[in-house]
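In structure tokens below, several structures.
Here come two complexes built around subunit A, the first alongside subunit B, the second alongside subunit C.
Our next item is the complex of A and B:
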């Protein structure tokens, strides 16, 4: 059972609207890129098989809506995440400033058992834009922030050119794997074992 | 529907659901670990039965759903392994349909279906079609929406999209689109139907629940937008018409508003631009209470950002005539929605204007057209009172200023002032300040009389009290701030041509004189200085040449200045007026027009005599008078005598002795101008200094009587310095003996009066002595001159 559990690694990508979360996922999973901006609604995931230390894992990558109004059902899907990827656009200062909010929001909502050591990875995306001339957040500044938050690994990426995307997700997978699974140990009480079908009488509503 | 019950109950139900789910998941895991398919199916079906609950709100249901979802991933992996071990996926697909309840059965079916498609043992489209049809079995809205959302998620990466491994002869992107559209349509129906189920009194709660569920429906549009095969043609011919058909026909305002927003956000800009007509055409067909203005604003904001992103895309906008189409659509919407509040319609115009400024910055006629449409909408109504609406108008009027950074452009827009007329006086002022700030920030010079006229018409809210404006309860600080900004503005009006500049000055004068006494103190000085600047430019010309009526001559300007300063008397602001008269007198002096200079002095003296009563103000005024008069060289002997006589007279009549003393010794300079042909009347200089000494003595004695001690000797040291000045300048009346006497006098005074030590006077005296010493040692002519003085 434990081995089956550990074959699936759940990764959540967070960040402001328009920083390239969907593009990073598409580039990594499908090796495709589109310049067009398309908002994401709700949460959506793609999976990818990854080989790691001679074992095969399924990476379940959750792409999320950056715009709050497209997150109407809340963030129950954060549960059980093994790694959280924080993305910002190196050309938009605000998206970098908001990383802290995204990180804290994640820690509150996902409430991992050991928030201090929960694996995050930060990606500074769109380094290709305008040959880097329109960049406003320096690598140094981003790295300093990452260091201050417990040495979060940092990658500069370009979803458009596929730059560093593979390396970033390798690191994401590695860190997700390091995260201790925190499945609540479920021990059925004996009465229920004896009467497995009894619970269903609780259900109300129609017969469907 | 969720039955009545508090949040606590709901928490309890959720906890029970989770417990039941975990219980069955535990046995399912055991079955998976022992490769027991039968048990795995049994327990997973029991686990999924927890999702049959009707008692949870969508939020809580989602929590339960996510747990089931995670468990199903393990089951899916198990199914995959099973098929590898030789179990037929088709058999599995049949087998799971034995589950007793339909909801668990369909979840299991979708899970196996995902493995089935992956196995490619049947065309993807057939499996997808089967699944999307089977899901009709759940007609309960919340359960149905989550089940279909599950289907959407597990099929997400198995759609026969272009370039996908599931694309084939039998499977085309059309099948993918059909599948998603069908699922979308069914989900929307479920979602809309919720509105009509349950008692009326729970409407609010129902709408809240619907709002929570909306993303499940909207996500289908996101999936469509992610299908690579949905190119512009497919979007224009199939996707958009089908989606809009569903949106329009569902006749549900919540769905219509949300889905329009989704369409705009999930599909790319190019697609919107190329299908504007279709998209805009749907707007008037929506329910009347749908907030179309927000929808359209979002569309225009998106397109504006797109236009701003790259100059290369601009031709696209022109090609599809985006402006005309948007403008037309907005007109129709405003016409159709009679009850739309003012801020709503103005908000639409703000978005359209933003769009216009980004896409067609060169088309001022478009900009004016938008403003004109706004005027039309506002006309016939009273001035706007609601704050949201006025905020929007300020945004509307600020946009062109921010774009062009040139007030000249705004002044060309005929509808600009007409929009401003619809503002209440407070907002009108805010807007006027915004205009002035724009001018200051961009250092814009306003250079023609016509523009100045138009500008002052725009900012008239600051220039005068508008009719019907409420009695001023204005904050004093705000008022000062506003008037100071008008003052700054006056300095930005300039033309190198004196004629035009004079016209500008006349226009400004006309406007500011209508401002009432409270404003004049702020606005007259900058106007005076602006006019004096013009005078300085004309200085070289002959002041008497007064040929044509309109020509700008110093004389004419001085007349204007005279009349303008006079206006300050009504304020009253005599001290300010006095200063300005003196400034004018000096300018007249430099223009060599004696009668005018004399007249300005006369006015200044009259003010001094009649209006300046405060003794401190008198001291300031008299020193200004002396200082100005000293520099005058235009006066003949007689006029000069009259004026200096007056000035010394005033000086001797100041209230406090020390003030008298200082004014009188300052008058000594009126008789000694250190120019080549300046007046040099040594005798009268000495008279002044002696008189100052007498007053200083008197002051000393008075101090003795009233305070029992001698006053400080500072006055004497000051007079000593005047002696030294004139001594050096070669006034023969000032002798070494007199200086020697004064030095000794001060020394004695200081020694005799040890108790009233004044360190600053001591320091002043000793540095004066050091100076004498220094001059003595310097040698040369000056050293010789100082030689006899002993210190």
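Our next item is the complex of A and C:
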């Protein structure tokens, strides 16, 4: 019998201001895009039910403010995160350069038990802009950085057009699930992670 | 349109204001924005006629009369800008028309000087345009190739993560430029953040279809960032500034109104690497709940909500996100009327941004009817807690109001956020403010007992 209570997977989205964190979250959860999103202040979240092998999970996605000075508020929101999504805008070099800061800041503030293996996923957003002509960060460069940080899965997305968003969040959910320590799982005997739960083989892209 | 007698107001008056005025929502976005609950209340709302009659022949304003109206039913939208200038302390009710005309003229000139100063550093200021992309690097190197809408970073090829390569790149392109002052660098670095937020602020409104209006909001925020270097610009400030830019036609007037508003709120935005000012308000909120409802406070602590971070957005953007623009304006004017102290103008005029904390005035000094209800109570009890504001009691009252629901349903910080968001948007502003005053009374009483 399936578990009565669904397991909660907590995901944090980080990245510079204006890279599309709110849009990505809304595109995934509500399947819509709006140019009316406001700057996020503090943090907000949406939830979505996801299914893996007949089991339902609640994905709780926390959207955060991009401006640096909100980082000191992060610690309370980051606590208990199962996966961290780092977003940059492929058209803004600085947003890519800052990924490292976001990653490090997260590891400091969330202080996960196994920082080396904590799952991150990187999204290069806004690939639709100007037909790709205004792009300043190449896929190759982004992938190289991801590889250098322990093979972080990488996706190129367009929250506006819904491109690759579903696939990216599938991977995010899967990685969040892998991170959930077994002893904390609700009804752990019913959880059966498809690839044996190993995350040593996280390569670029997601083998979900 | 004439407003006739205030007793003749009908709901159509408001819908006219809604669709004709600058804070009308674009038809295609009507479904996206929060519903407005504000209603004109004949005999309660401060009407244009009542407002006019509150001035003496030479222009002295009977602020007590005005406050009593606003606290009961807000301000008629057509006179908001003028009324807010008094509520926020731009003008002294004890001054004459003549005094105020002179002061307004002086303030406009002062704004002109600030604008010229900023223009010299960044020509986009005052040009009717605004900046969205970075114009300067962290180490003060200008990013060139400005597009028509400000600095676009059209760099040939790709940029790299390595900072050494980065600086080499800039050395090549920008040989000969003189290093900028640190304050100038910091200011310039905020300009694109302001732009990023300006284009995301109240975009459902017809008002912001105009590029000139977007530029107006951007410029006011940019110049404010220059005069208040400690704060600069922080997200949330565009939400606070937008209604003022809409209400006050003259950009300089809007600017000074915003400056006065920031006197109350700037503390929230003050930040260091490990602290952001709003936390002080959160501690006051925690203290209030702990005093008036210790069980609820304990429960919030148990579910990891003891830091009250769920109230960050409410306090920083002063409920702009929880209410429609019309309702948040209604809430603001009601709160400001309740917090009003007759010395507010003198206090602000005589102090700079950092020192606007006043000594508690003696009750017998001033007519108590010229105080708002909230300020009067603080004064009567002699409460000197300068951090306390009605906004905090507003959040506290919502928590109090639904404490059973929080105790029963909130099992994590996420539940708290969810419940609170669901409640707040559906509140009746006037009733909620009354409730907030009750919580204030309860708090002050309990505090005295302890």
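Heads up, the rule we're going with is that the second predicted complex is superposed on the first by the 165 of 208 C-alpha atoms of A that agree within 3 Å, B and C clash if a C-alpha of one lies under 4 Å from a C-alpha of the other, contacts with A are read in each partner's own complex, and residues count from 1 in each chain.
The rule is short, and it goes like this: contacts are C-beta pairs under 8 Å (C-beta built on N, C-alpha and C of every residue); 3 or more make two chains touch, one makes a residue touch a chain.
Keep in mind that this is a model prediction, so the values were computed, not measured.
Enquirer: Given the touch rule stated above, what does A:145 touch, subunit B (first), subunit C (second), both, or neither?
Expert: Only subunit C is touched by A:145; subunit B is not.
Enquirer: Just to be sure I read the superposition right, which of the two partners does A:7 touch: subunit B = first, subunit C = second, or both, or neither?
Expert: first
Enquirer: With both complexes superposed on chain A, which partner does A:77 reach: first (subunit B), second (subunit C), both or neither?
Expert: A:77 contacts both subunit B and subunit C.
Enquirer: So, A:108: does it touch subunit B (first), subunit C (second), both, or neither?
Expert: neither
Enquirer: Kindly classify A:94 by the partners it touches after superposition: subunit B alone (first), subunit C alone (second), both, or neither?
Expert: The answer is second: A:94 touches subunit C but not subunit B.
Enquirer: Have a look at where A:44 lands relative to subunit B and subunit C in the superposition and call it first, second, both or neither.
Expert: Touch partners of A:44: subunit B and subunit C.
Enquirer: Compare subunit B and subunit C by how many residues of subunit A each one touches, and report the one with more.
Expert: The partner making contact with more of subunit A's residues is B.
Enquirer: Between subunit B and subunit C, whom does A:167 touch in the aligned arrangement: first, second, both, or neither?
Expert: Neither: A:167 stays clear of subunit B and subunit C.
Enquirer: Per the contact definition in the header, classify A:137: touching subunit B only (first), subunit C only (second), both, or neither.
Expert: So A:137 only meets subunit C here.
Enquirer: Please indicate which partner A:32 is in contact with in the superposed arrangement: first for subunit B, second for subunit C, both, or neither.
Expert: Only subunit B; A:32 stays clear of subunit C.
Enquirer: Taking the contacts subunit A makes with subunit B in one complex and with subunit C in the other, which residues are shared?
Expert: Comparing the two interfaces on subunit A, one with subunit B and one with subunit C, the shared residues are 34, 36-42, 44-45, 47, 60, 65, 67, 69-73, 76-77, 79.
Enquirer: Taking the touch rule as given, give the residues of subunit C at its contact with subunit A in the complex, in rising order.
Expert: The contact residues of subunit C facing subunit A are 29, 32, 133-134, 153-155, 158-161, 166, 193, 196-197, 200-201, 203-204, 234-236, 238-239, 269, 271-276, 279, 304, 307, 309, 312-313, 316-317, 321, 413-414, 417.
Enquirer: Sort out for me which residues of subunit B touch subunit A in the complex.
Expert: 16, 20, 22-27, 29-30, 32-33, 46, 49-50, 52-55, 58-59, 62-63, 65-67, 70, 73-74, 77-78, 101-103, 137-140, 143, 153, 156-157, 163, 211-216, 218-219, 221-223, 225-226, 228, 261-262, 265-270
Enquirer: Show which residues of subunit A lie in contact with subunit C when the two form their complex.
Expert: Touch residues, subunit A against subunit C: 17-18, 34-45, 47, 60, 65-67, 69-73, 76-77, 79, 92-94, 96-97, 100, 134, 136-138, 141, 145.
Enquirer: Okay, in this complex, where on subunit A does subunit B touch?
Expert: Those in contact with subunit B are residues 1, 4-5, 7-8, 22, 26, 32, 34, 36-42, 44-47, 58, 60, 65, 67, 69-74, 76-77, 79-80, 184, 186, 188, 192, 196-197, 199-200, 202-208.
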